[in-house]
Amino acid sequence: MATRKPEPLVFELSRPGRGATAQYPAAEAADVPEAFRRRQPPPLPEVSELQAVRHYTRLSQLNFGIDTHFYPLGSCTMKYNPRACNSLAMLPGFLGRHPLAQVSTGQGVMACLFELQEMLKHVTGMAGVSLTPMAGAQGEFAGVAMIRAYHRARGDLARTEIIVPDAAHGTNPATATMCGMKVREIPTLPDGDVDIAALEAALSPATAGIMLTNPSTLGVFERRIVEIARKVHAAGGLLYYDGANLNAILGKVRPGDMGFDVIHMNLHKTFSTPHGGGGPGSGAVGVGQRLLPYMPVPVVAREGELYRWLDERDLPESIGRLSGFMGNTGVLLRAWVYMRILGAAGMRRVAEYSTLNANYLLARLKEAGFDAAYPGRRASHEFIVTLKRQAREQGVTAMDFAKRLLDHGYHAPTTYFPLLVPECLLIEPTESESREELDGFVEALSAIRREAETDAAAVKSAPHTMPVRRLDDVRAARQLDVAWKPAAT
Amino acid sequence: MPYIPHTSEDVRAMLDRIGVGTIDDLFDEIPKALRIDALEGVPDALTEMDVARLAGARAAADGLPLNFIGAGAYEHHIPAPVWALVTRGEIYSAYTPYQAEASQGTLQIMYEYQSMIAGLNAMDVSNASLYDGASALAEACLMAVRAHRRSKSARILMPSTVNPAWRHVARAITEGQGLKLDAVPYDAATGRIDPKSLAAFAGEDITAIVVPQPNFFGQLEDVDALTRWARANGALVIAAVNPVSLALLSPPGEWGDGGADIACGDAQPFGVPLSSGGPYVGFMACRMEHVRQMPGRIAGRTVDTEGTPGFTLTLQAREQHIRRAKATSNICTNQGLLMTAATIHLALLGPAGLARVARACIARTNDLVAALGQLPGVRAAFSGPRFHEAVLKLDRPVAPLLESLAAEGIIGGFDLARDYPELGDALLVCATETRTRADIESYARALGRALGRPKAA
Amino acid sequence: MSSNPADLRYTRSHEWLRTLPDGTIEIGITDHAQQALGDLVFVEVPEPGRRLAAGDACAVVESVKAASDVYSPIAGEVTAGNPKLATEPELINRDPYGEGWIMRLKPAGGAASETLDAKAYEAVAAAGG
């Protein structure tokens, strides 16, 4: 029942000789020598400026975003992205600056970055921060690479294993592999905490470190974190904190105080820089004293009243450079604006109100008859509902609920992650949502549950009101069509 | 409370519903000894107006100097519609399109972007972008090792004419997996790789060679000869290209006999502002036979249950959320917002507009080299064709000259002393279509004045 | 419930083995495994000539939502990978014990992984193994 006419590809709007000519520079005769020349012009579209504007405006309207819909995507922290963060990061002096211009012409932007580094140090309880990783996964890479560098610098070459709980985000094991480490997975107890006996069994002289998310991806705080840290340190390993869920504890408890040696933060989650349809992210890393020499460069330093970049000459044991320049500066500026507007008290409120919203939503969903995956536990800023019962009794899966939610005007929670909870919805409401919005979401999920009992087919064939119905993923993978090609001439 | 909508009545009602007395009670599973009461060292809140004033003063202090640096980040005109569209909330505040039905806009933009990047490079497929050009090159090296099954050496030839920062990044990212990056020297007269110098590697197990075009000096490499050498010696070819140049230059897919295997670079020149260093947008395209080794998100066109065409993420089994420790990369997202900017930018320029931009870049850089080359003590370092950058040799150290130019509001170029000490006092300059002849004359006059002053002792 | 041919041997990791008349061993994945994976979209088969030890990962089967390694229960040299799977991965869904075979191996002897008969395998599969 999709009523919308599909928006054509921009290539299908193209007509030879058309163009947004106001954007063209004046014609020049200069060219590359004949031997280097391209034989055919590139197959780019030829459309008018209005056609392009209308096309991309229409495409944008096919999306859900935080600005248009409640977006309780667990583990992604889809909170309001304040507009001020964008407009101030795009001030001409910041926006037009070439990254390699003399630092004497960049003292303004560097002051902001330095303050950001300092604020992040204090909120995480770490000794140093490097802002260069360009996404959470790159921050993870930096973290594990630093752990590797630390052991190697001590001549301890046997430490080649990274311990990862089975509940971890997939980037954790993938990162360990990228760093040349072997992954040792340990199980989680039925109450959501790490299985300490299994951890002890996994620890050995080969242990380089452990990667933990706390609160975990199961939406609960790891209660024995101090004991875990003691055991890992006693075995000669280091502790890596995946900052995916930092939002839940901001200003309430600090990873450095828990005993972590290195942390990455997702500034696009906790500090509200935009997700942008999947990036840019920013994965700043914080380190304890032991790892200071290995931080990725460059790092901003203040000397007297002047800021400068610390590079390989200042940090000769650095793991090196991870980006072409100094990371996603524009994203960092947005995080700086956000943190300055929140201030110390505002950051604590982030944890408090995101936790309040999650626990309220969990309480209401339990009342409405949904099953919490960890019913005996307090929710952090997110929690898991399992639809195992609904799947068994009505044959309606978490995926079906997710798709039907779209018809009710809500973006779906994260589905099928973490992998250990069957038929799960990982729900993260964030602090920026109102009680009315949460109540509406409970109503929608309850309505879907009732519908599943009376008309399961309607749920299983959802969505009904989106631009498209459920898409054929199998065909997409088997008959790969990933680029438009011009018709052969 | 900034960005928090709760009234005190809401809080009370919500706590009652949960069955606790205070918000603090919700943190009771966290050991007491760990909890803190206040954040030390973080300043108090400012209003939006206060932050705007502070940011405005700092941005103004950084000013708007006239820029003549490229070196991996290029200043181009950005059409007004690009960022007006990119910052629409439906694009700006959406996430990775996990729910395809509610993300058809983002997915179709990915598909259009992939088509444009594949077309520009004359390759079969493109991913939906990576972080930046430097990390894209690192990922391309890792990908080549996976794709080239017969090669056991994990050895990549990395010419010295590749952007030095990109080489640093490639080393940092590939080191853990044991890749060996071997330097290839450049010819001192032409500033490009002499294909004959590769003879030293003939008969060895080389996984891939990186071929930059244009190279870091702005010089055009003999990409056909280099690609043929790689084919003859069983190595894959990784092209590292400036995408603007592809309006005019032979695309990687058509190099030599059979083309490059992987093409990568930074699409920052398409609608992405310099922005003090990022975020930019790495691109990667490849031949179909290597697609399963390619990292990053890929959107595909398919149909829905009623046969209506639509878009979805595809080939996800390569990725970390499914393959975990065996994934092709730990990469999670793409560079969505910047990818969108690049797509809209390319749609507006089209083939004719992009060719004009490329020609204007060549013309302005030629003007710049001619104007500066007339000054005493300044000459072009290399002969041979170039794109939109050039190396100048000077008769004295570059750094102090650049400082004095900066004081006059001119960013005069990139000092090569650190990365290429063998070149002596050398400066890499760039002029895109955004530099006018008048801009170039101001630069020449300012440099003339600086050179007219006695050399520092 | 799937029916597993009684003349085959099975592994706990859901491979099956068939001894061909010339002594070559044919290996595939079980009906239970293909059902758990769902519609397959890609299969990577080993190249002939590759030498495998028992327990080596030798192939990858991919559906839209999962990717799984296939392990060789015995040591040997690969004599063939099923060439049809490159374009028709769905053969494994349609005919896991016939046209959907993955590779053939000339056994080298030596240590092998534990194998089960059909009945014992069915118990493993039913237990959600």
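Going in written order, the chains are labelled A, B and C, and every chain counts its residues from 1.
Here is the rule we go by: a residue touches a chain if its C-beta (ideal position, glycine included) is under 8 Å from a C-beta of that chain, and two chains touch if they have at least 3 such contacts.
Worth saying up front: this structure is predicted, and the values here are computed from it rather than measured.
Student: Most central chain by CA mean?
Tutor: Of all chains shown, the one whose C-alpha centroid lies nearest the global centroid is A.
Student: Identify the chain pair with more contacting C-beta pairs: A-C or A-B.
Tutor: A-B
Student: Going by average Cα coordinates, which chain is farthest removed from chain A?
Tutor: Most remote chain from chain A, centroid-wise, comes out as C.
Student: Whole-Å distance, chain B centre to chain C centre, using C-alpha means?
Tutor: Whole-Å distance between the two chain centres: 43.
Student: For chain A and chain C, let me know how many angstrom lie between their CA-based centres, rounded off.
Tutor: About 37 Å separates the centre of chain A from that of chain C.
Student: What whole-Å value do you get for the distance between chain A and chain B if each is reduced to the mean of its CA atoms?
Tutor: About 20 Å, centre to centre.
Student: Mark out which residues of chain B touch at least two other chains, giving numbers and ranges.
Tutor: Residue numbers touching two or more other chains: 322-323, 326.
Student: By residue number and range, which residues of chain A touch two or more other chains?
Tutor: 473, 476-477
Student: Spell out, as numbers or ranges, the residues of chain C touching 2 or more other chains.
Tutor: Those would be 41-42, 62-65.
Student: Residues of chain A touching chain C in their complex?
Tutor: On the chain A side, the touching residues are 416, 473-474, 476-478.
Student: Name, in rising order, each residue of chain C that touches chain A in their complex.
Tutor: 39, 41-42, 62-65, 89-90
Student: Provide the residue numbers of chain B that touch chain C in the complex, in ascending order.
Tutor: It is residues 149, 292, 316-318, 322-323, 326 of chain B that touch chain C.
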